[in-house]
Amino acid sequence: MTPSKTRSKTLNKTWSIYLSGEIHSDWRERIEEGAAAAGLDVRFAAPVTHHEASDDCGVAILGPEPDKFWHDHKGAQLNAIRTRTLIGQADIVVVRFGEKYKQWNAAFDAGYAAALGKPIIVIHQPEHQHALKEVDAAALAVAQTPEQVVAMLRYVINGELDGYTDKRQAAE
Amino acid sequence: MTPSKTRSKTLNKTWSIYLSGEIHSDWRERIEEGAAAAGLDVRFAAPVTHHEASDDCGVAILGPEPDKFWHDHKGAQLNAIRTRTLIGQADIVVVRFGEKYKQWNAAFDAGYAAALGKPIIVIHQPEHQHALKEVDAAALAVAQTPEQVVAMLRYVINGELDGYTDKRQAAE
Amino acid sequence: MTPSKTRSKTLNKTWSIYLSGEIHSDWRERIEEGAAAAGLDVRFAAPVTHHEASDDCGVAILGPEPDKFWHDHKGAQLNAIRTRTLIGQADIVVVRFGEKYKQWNAAFDAGYAAALGKPIIVIHQPEHQHALKEVDAAALAVAQTPEQVVAMLRYVINGELDGYTDKRQAAE
Amino acid sequence: MTPSKTRSKTLNKTWSIYLSGEIHSDWRERIEEGAAAAGLDVRFAAPVTHHEASDDCGVAILGPEPDKFWHDHKGAQLNAIRTRTLIGQADIVVVRFGEKYKQWNAAFDAGYAAALGKPIIVIHQPEHQHALKEVDAAALAVAQTPEQVVAMLRYVINGELDGYTDKRQAAE
Amino acid sequence: MTPSKTRSKTLNKTWSIYLSGEIHSDWRERIEEGAAAAGLDVRFAAPVTHHEASDDCGVAILGPEPDKFWHDHKGAQLNAIRTRTLIGQADIVVVRFGEKYKQWNAAFDAGYAAALGKPIIVIHQPEHQHALKEVDAAALAVAQTPEQVVAMLRYVINGELDGYTDKRQAAE
Amino acid sequence: MTPSKTRSKTLNKTWSIYLSGEIHSDWRERIEEGAAAAGLDVRFAAPVTHHEASDDCGVAILGPEPDKFWHDHKGAQLNAIRTRTLIGQADIVVVRFGEKYKQWNAAFDAGYAAALGKPIIVIHQPEHQHALKEVDAAALAVAQTPEQVVAMLRYVINGELDGYTDKRQAAE
Amino acid sequence: MTPSKTRSKTLNKTWSIYLSGEIHSDWRERIEEGAAAAGLDVRFAAPVTHHEASDDCGVAILGPEPDKFWHDHKGAQLNAIRTRTLIGQADIVVVRFGEKYKQWNAAFDAGYAAALGKPIIVIHQPEHQHALKEVDAAALAVAQTPEQVVAMLRYVINGELDGYTDKRQAAE
Amino acid sequence: MTPSKTRSKTLNKTWSIYLSGEIHSDWRERIEEGAAAAGLDVRFAAPVTHHEASDDCGVAILGPEPDKFWHDHKGAQLNAIRTRTLIGQADIVVVRFGEKYKQWNAAFDAGYAAALGKPIIVIHQPEHQHALKEVDAAALAVAQTPEQVVAMLRYVINGELDGYTDKRQAAE
């Protein structure tokens, strides 16, 4: 008996993917475009990625603070309304660490997602491997490129894997 | 590389906002109208704001009580069906303290939302600052006007901030 | 300033109401029809109310049991798939105790809902008041008729109360 | 290799057992005495079993109520402080249904314990089997006598079972 | 008074059913086709059932591993993103044990679902009855055929039971 | 058969009672002394009740703030470490509202405790009854004096009620 | 500056370790004896490991069942009172798979522990590696011998690791 | 009336404090010694702070890995057994960021603690203020020295604050 290919599909579910971390490259677009090209039923969420807006949002709306600590605090708390809500409602949390900067907020998001039991995918280059070992240990996958993330989402959501499921489909 | 503006948007999510507290001014409408004008994908919820109905609902439906304590008790418990359900399902809880009255139910709602881990935005005038310090300390933002709340919702939900993201959009 | 009547409405939320308990009178239909007449955005759920099907479902599908205990056990566990799922997903749980029978499953449902923090409305006649005092103490409302439940749902969901909110609407 | 008998013992844990339900026979003492005789490391909890105190505690302390409903309500809510706290902290909840009375509070406790995921042991006579089938279906054991409960506690806590583990012990 | 047949229906709810376990026979299709034929409002989910893809997905996407343990580990963790998410969002978890193989992942899924409080239906042949007794003890139903599962879903979701509710419907 | 008085005692449990609210009268001592006199196995917790220390703790330890809002914020957040931890670990939360001041933190604590499912006892004078109706509706008991709270703790913890259980004890 | 060795110790905590799985070898004793020899502050728990008692406990206490399915069911549910309680209260769950038998209950326990977020250590021989890959993927460590488990407990609890921390201690 | 100083003490509670982060200075000892000198009823927990042991623990116990990624992975997962357990059981989590290194595990721990609702105290120097703003925004206090942490613990646990509560004590 031949199991049908529809058996490996999840019917009628839209997956929510939160894309946390580095905001200086186009990795989010590459994932979003790849997911669209693959026809995945997903919706993506992310922090506000406009750097200056993210820094100044608190004081821009609620009034200036002479002390930089409170300037930052007001902004960070306002951003937290968005980020914690969206992480809390995500099915999968993807966290990318770039080549530069401290990126403690990315690691914070990873810890936050881990405690909520969210499946985590981490993206980083090999040179950060040792420094990120605790974060990687909490992840279900560690990738190096956005394209790998797209391939994983395609597999996880649609059960499709190049060189495997396409062969079966071709044969049917 | 230019990150696209769509990166800071949450796709396909309707945000639920609960508006708790003072019922004697038009602050809820100002937020609702501001959110509509900004094109936000939100739905608002609130307690029943008809003062007499809110006081008498229990006895009006379930029969009179000679003792004022039980009169109030029946009404308050009936209102709790609505308020606790809607706070429990909200993404963000906004609590406004007005200039008058004890408003213990507003503070109660804030505590209730805090224990559920809901992001809280408080609105009050400066003269209540000291008396509300514990409530403010549990909030992620403290505003003075409904318009500030609208600006925050616009930033949190759509990633738009006047003077920041509009410049980028204009330049693109 | 005149608060608009729309302020007391919950926008875009369908309320889930679970109707537990007595299956020998038409109280569920009276609530469902009353809710429909009031234009409430609700969906109702209930246990299977076909008495014989409810008793025999386990053995009818999974095979007979010579021992009545296991006959009943198989049926009760199959029913539990439905009832616990639907109670767990309800916004409000209504439990009606009739005039006859032990109705321990109704009290069990009430306890189950209470531990989940669900708002509970109990319906029973005055003669059961003392025997049901622990159940009533866990409820947010104790009614005697289905029509009172409809009136409460109308108030809780739409903020409408005869003799109160209709006057305001009439005056506007 | 002979596994030692200590392998089946839980070291250093005191088990908390809540005894809910019927207050007119000595079933609680029979369990407590049996557990003591078996040397079990347990502590028992129960509702207040003084019938009149349980009925009147609310008004006796907080003042009289002319309406019997509120008289009972005050008492039932005060009793709930005790019962819900102790059920919530129990390792095992035992619920006994007697031969008489409605005993809806016993069924309520069973439902409450079930929703908390507590292991439930029910005690009742065969004549209530059909009426209690939903409660039984939520239990991990259904007994008829307090002595069976003691034997189960002895097995669950100490791993001792007459005719089985004593033979091994005797042979060692 | 004749209770209407609509009373036993759950309105407007789509049930999510996760089908865990054996991937070598067509049991999933038989359930899916049976549910479709019965007109049930359900959506099914399952692990990826393409055996080779399931084994190799980790290394195919993230790069080869010389050590078989890590080869398997990468794949199993990637599969876990799918399976744990879908089990966590299911209303009912069905677990089938086939005639061959260790099938420890099926038992793992059953334990995982049990701890989340999900209703579990187990399918297996009589010869595995003793070895599966702990799994069966955590289930609300133990079936032998996919057709029995369909009949249970039809009863649980629509309240329909052959030989019972059809008679009532016929008489109306 | 005479049920023994020991049946209504909880063995070996120390109850944790959190005393929230007004800090200007000796109500906490009256409860603590009453509980000691009654021989109750309790431990009490409370916020820091030294008014100036509570206001200034943040800046005194972490450095001054020129803006009163942040002065208060630092203090309130430091106090929150204590209060939220102790409320979260309490078996019972008692909240007293005094005759003066806004006391929004007391109402906040009540809401916080309610959302955690803690049994709440409120103490206030009759003149606040209407303004506190939502808080009272979330409580399991509403008292006017600390002595009533002691009597309730004695009943809840030891099952002793003047005029009831002492008579039985006297007769034994 | 030399960090003191006490820094890596957890003060005053007794760790609870649940030992699930295979009951035919002495692996539990080897862990318990190793932990005792290492001076670890632990307490171990386990299922009842007397095979016949475990199989027959239900019918031995609650009465015989002619049908083997219910014979097993009664026993398995009684055992579940012990196992689910102890797993739920464990800090760490160790699951050993032996060389023989189906051992579905071991895999069930692993899934149960995983859904509760418990740290899991698996013990098995290399030949089961592929069949256990999903279970291993949910574990924080995969060992082959009880002695490795002891070494891990010693490291996790006391921060001691042969060849590392002993050198520092020797040098101090 | 003079409130007694005992009112601000928490009776009989040992506070558990987890000290996360930087392992190259003596900040943990300074906190532990300060707490001991202040007579606080606390117990401290921490990750294993022996750097080489922490890196190699996985392979030292479970066998070598040629690939550095898996070498680190095994160690990080073993450390996670300790750190996640102890953070999960802490009353307060203190996280210190040092002057050097990425310290992503510290930020991860902060996020993990935040999602669990643990009160967080952060310690860092002013130069990291901007990079740590998201972490600070999730904290209830941000300190620069271990001595400030001791002062906060003394205030939070014992209600003692230099210059405030000592004056009252002196006057009594």
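As written, the chain order gives the labels A, B, C, D, E, F, G and H, with residue 1 at the start of each chain.
One rule holds in what follows: contacts are C-beta pairs under 8 Å (C-beta built on N, C-alpha and C of every residue); 3 or more make two chains touch, one makes a residue touch a chain.
Since we're looking at a predicted model, the values are computed, not measured.
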{"item": "Chain H against chain G, contact positions shared by both copies (same if over half, else different)", "value": "different"}
{"item": "Rotational angle, Cα trace of chain B fitted to chain E, multiple of 5°", "value": "180"}
{"item": "Centroid spacing, where centroids are CA-atom means, of chain A and chain G in whole angstrom", "value": "34"}
{"item": "Between chain C and chain H, centroid-to-centroid distance (C-alpha), Å", "value": "48"}
{"item": "Averaged-CA centre spacing for the pair chain H and chain E, given as whole angstrom", "value": "44"}
{"item": "Chain F, residues touching no fewer than two other chains", "value": "77, 80, 142"}
{"item": "Chain A contact footprint on chain H (complex, rising order)", "value": "68-69, 72-73, 75-77, 79-80, 97, 101-116, 128-138, 142"}
{"item": "Parts of chain E lying in touch with chain A, wherever the complex brings them together", "value": "14, 23, 25-26, 28-29, 43-50, 52-53, 56-58, 60-62, 74, 77-78, 80-82, 84-86, 89"}
{"item": "Footprint of chain D on chain F - complex, ascending", "value": "1, 3-4, 7-8, 10-13, 91-92, 119, 121, 140-143, 148, 151-152, 155-157, 159, 161-165, 168"}
